[in-house]
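Order as written gives the chain letters A, B and C; numbering starts at 1 within each chain.
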Amino acid sequence: MELFGKHLICTQEWAKKDLDRILELSARIKKFRFSDHFGNLLKNRTFFMFFYNPSVRTRQSFECAATELGGHAQFLEPKSMRLKTKKSAGETVEDAAKVMSRYACGLGIRMLEDKVAYYGHGDEVIREYAKHSTIPVVSMAHDRFHPCQGLADIMGIREHLGENLKKKKILITWAHGALARSHCSVQEAMLICSRYGMDVTVAHPKGYELDEEVMEWTRENCKQNESEFNLIHDPKDGYEGAHVVYSRNWMSKDAYKDDEFLKSAEVEKAMGYTDWICDSEKMAMGEDPLYTHPMPIDRGHEVTDDVASGPRSIIYDVAENRLHVQKAVMAVTMGNL
Amino acid sequence: MELFGKHLICTQEWAKKDLDRILELSARIKKFRFSDHFGNLLKNRTFFMFFYNPSVRTRQSFECAATELGGHAQFLEPKSMRLKTKKSAGETVEDAAKVMSRYACGLGIRMLEDKVAYYGHGDEVIREYAKHSTIPVVSMAHDRFHPCQGLADIMGIREHLGENLKKKKILITWAHGALARSHCSVQEAMLICSRYGMDVTVAHPKGYELDEEVMEWTRENCKQNESEFNLIHDPKDGYEGAHVVYSRNWMSKDAYKDDEFLKSAEVEKAMGYTDWICDSEKMAMGEDPLYTHPMPIDRGHEVTDDVASGPRSIIYDVAENRLHVQKAVMAVTMGNL
Amino acid sequence: MELFGKHLICTQEWAKKDLDRILELSARIKKFRFSDHFGNLLKNRTFFMFFYNPSVRTRQSFECAATELGGHAQFLEPKSMRLKTKKSAGETVEDAAKVMSRYACGLGIRMLEDKVAYYGHGDEVIREYAKHSTIPVVSMAHDRFHPCQGLADIMGIREHLGENLKKKKILITWAHGALARSHCSVQEAMLICSRYGMDVTVAHPKGYELDEEVMEWTRENCKQNESEFNLIHDPKDGYEGAHVVYSRNWMSKDAYKDDEFLKSAEVEKAMGYTDWICDSEKMAMGEDPLYTHPMPIDRGHEVTDDVASGPRSIIYDVAENRLHVQKAVMAVTMGNL
């Protein structure tokens, strides 16, 4: 019961034992997916999904999660809500959050890419909602973090490599691509993989540095687990000894200027780094590594088809796990399981 | 059972005893919110929500209401429906209403501001739907009325001032603002507060006259209840002796011309009346008055922050009541409670 | 159980006995609409509705169907999904279908008119989804077929003319109109009416030819049932001896050029054929024929008001049947009834 009402903005802010509990429950929920035990936990309850940005996986998996718990997820887009902005009259976040707290059992928020004015802006907004909400706020991906993706990643890795990840190495590598993606998924992966004892190698070209605080937390997690952390700037070297490879495009530190997201400049710059792709030649350098990615994949840029669709790819399992971990999170924070 | 199938377009069209029944049921529903008694009333039933205009509170609260009664509210936007208009081929309201009557247990419609061509147009359209529907039609706010807001207002006022509102004065005052709002909420408040025996003072600058028929009904309600009705054109005087203050912007009588809604001209004109704001100085002239507003609030224009967020503000309670009164209305008109 | 997991892209691809089963179940579902027997078949299950094109009847009836079976239909629009196209990076159909198969019990797809690049393109896309899905894919109307409309048509015709349709003649006639409609509904009607033993006459102006393969299948169905098939190019002659008249506009064979849908040219051309309207004078030539149409109707072009709203019109019954047949299809393919 102690997790009832708790916000989930980043896994790093939750105690390890609480993450353990979510993962255990997720496994049980996966095994007994349509058991009556879980099918009424949110009966007659509403979960608000607040999408500043559109989404594939996230909308589908959260709405399914609510349905499978017996509740209902409302799909809301701020464009149809008269929220106050610098440029226009409308409702304050405080008013919106306080009223939503009267109606719903939980509130999910997604805010990144072109819907934020600078890196960290989305994190500020979601914390503003959390401050005024008396119901749990869950990040459905924002510019800094993506906790449910992180939970799905580690659940999938443990399903394939076993629960003890000591001395297992994950390479989290930047890849070129045409989508100028946010940092949230990779940063969450760094945090949770290091939290669960893996050796973590991060690889990216110079100019694509990640959040310094997240880097620091990851180093600290590794230190506490007596595991290794490495940061490199080479597209190949990191594959050596890897048990898991996670390739993903992300935007550079220059992606925002004067409150604008310079997407086309970012894509153009990124597309120049054609060496930065996960392919079978590089994968052969590892320890028969699993391949993972938070999806949707930009095939041909982030990874070749033969790897993404190959026998060691766990992308669909991880995508499925989004559903199970989200059900677990909702069950304990909103359903009082 | 006698309310089963009944339309709700304006509270004035319902008998007082039927409104009493809704308010009693709303209070019970609020107290026993997730009781099994209410959780299956609309099981397997669909409520269509037809949004000509987007909305914050209304969409959230109606969709929650359906969920909490065990049913489902479908969010529909006419832009994705090929309805016949003067300018384009498409389906008639008659055909749409007759088919929807075969699918759903009720139909909510929202139509105001830029989606109507002149004041009263929305009322005509909603009555056209009602004429051809064999299921109850509920206004989710249209240019003339907003019955569920009125019910939530009076429920909130009675929660704080007691059930007997004799000799209790409400000031319903125009306020400046940047949103050029419809008359529906204030007109419904006038009607229901006078129906429940309150003294009603309406204040607005000249040029912001309300619907003459609604004014006449309000006067008649007051007469029958031996209560007072006053219309004034001063931003301060009405606060004297007030037990409840309701400040809200609304558009002028010149808001539509040649079937167009002149929003920017309305906003510009309204923003000149800077005296017309509810603030603590004016509130001090009343009898420690409650502050209410149908939300979302245009803070800094319609009311100052200290009043809106002050100890006498009941805005969040009233917003919550939207859910409860809507559940009650749906339960009796669609669920045969 | 043998229909569990089966795709429904065109009724012609299902065995006659399986269509019989759907129609028998639909009748039972209509009679005992809110019986507990059906109200939990999809409990906690999600049906994805993938709307490349907006829709009236289809969205309402599929979402109602899921609700009435105790499940939930998610309304998804590809515009909010980063799907790969020739012009932009994004997710492949394979990845989308494989992940959706992990979340949902079924997938409905609608794709026609301006969302396809040429006639037959929608059929290719839906079969690509079906190929990669491990859950049943149901057409919610695509450029070639509209199986649930066909099932609703034949259910309605049999309700009014009896189950044995031997020697009953249906006239399926092109009509002028301002909407440049797809061929799917009329082609499905030809197939299912000939399958159920009716004499079929198709009438259209030259230049409005239908799919040759569908014509061939229809001829073959008639041959097997020893019924008559006629193709004519006159706006009146087909009414003689008709027991059912189905008038509907559809686009010409020149509607697409260089991957574009030339809607305005199509409308302009079609609107010239003012003789091609179903009216009471023509209806008088038949055997007191029923009038049907898949709706929404373009009144005044496709049919006159007195016929569409007359005593022999079964349009609302057929529209209602959409709900029942879709519940039946979902119950057996997704709910394991």
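We take it that a contact is a pair of C-beta atoms (placed from the backbone, for glycine too) under 8 Å apart; a residue touches a chain by one contact, two chains touch by 3 or more.
Quick caveat, the model's predicted, so the values are computed rather than measured.
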Comparing which residue numbers chain A and chain B contribute to their contact, where sharing over half means same and under half means different, the two sides are different
Rounded to the nearest 5 degrees, what is the angle of the rotation relating the C-alpha atoms of chain A to those of chain C?
120
Just how far, in Å, is the C-alpha centre of chain B from the one of chain A?
41
So which stretches of chain B touch two or more other chains?
72, 75
Chain C-touching residues of chain A, taken from the complex the two chains share
34, 39, 54-57, 59-61, 63-64, 67-70, 72, 75, 177-179, 295-299, 301, 309, 315-316, 319-320, 323
For chain B, which residues are in contact with chain C within the complex?
43-46, 48, 71-72, 74-76, 79-82, 84, 88-92, 94-96, 98-100, 102-104
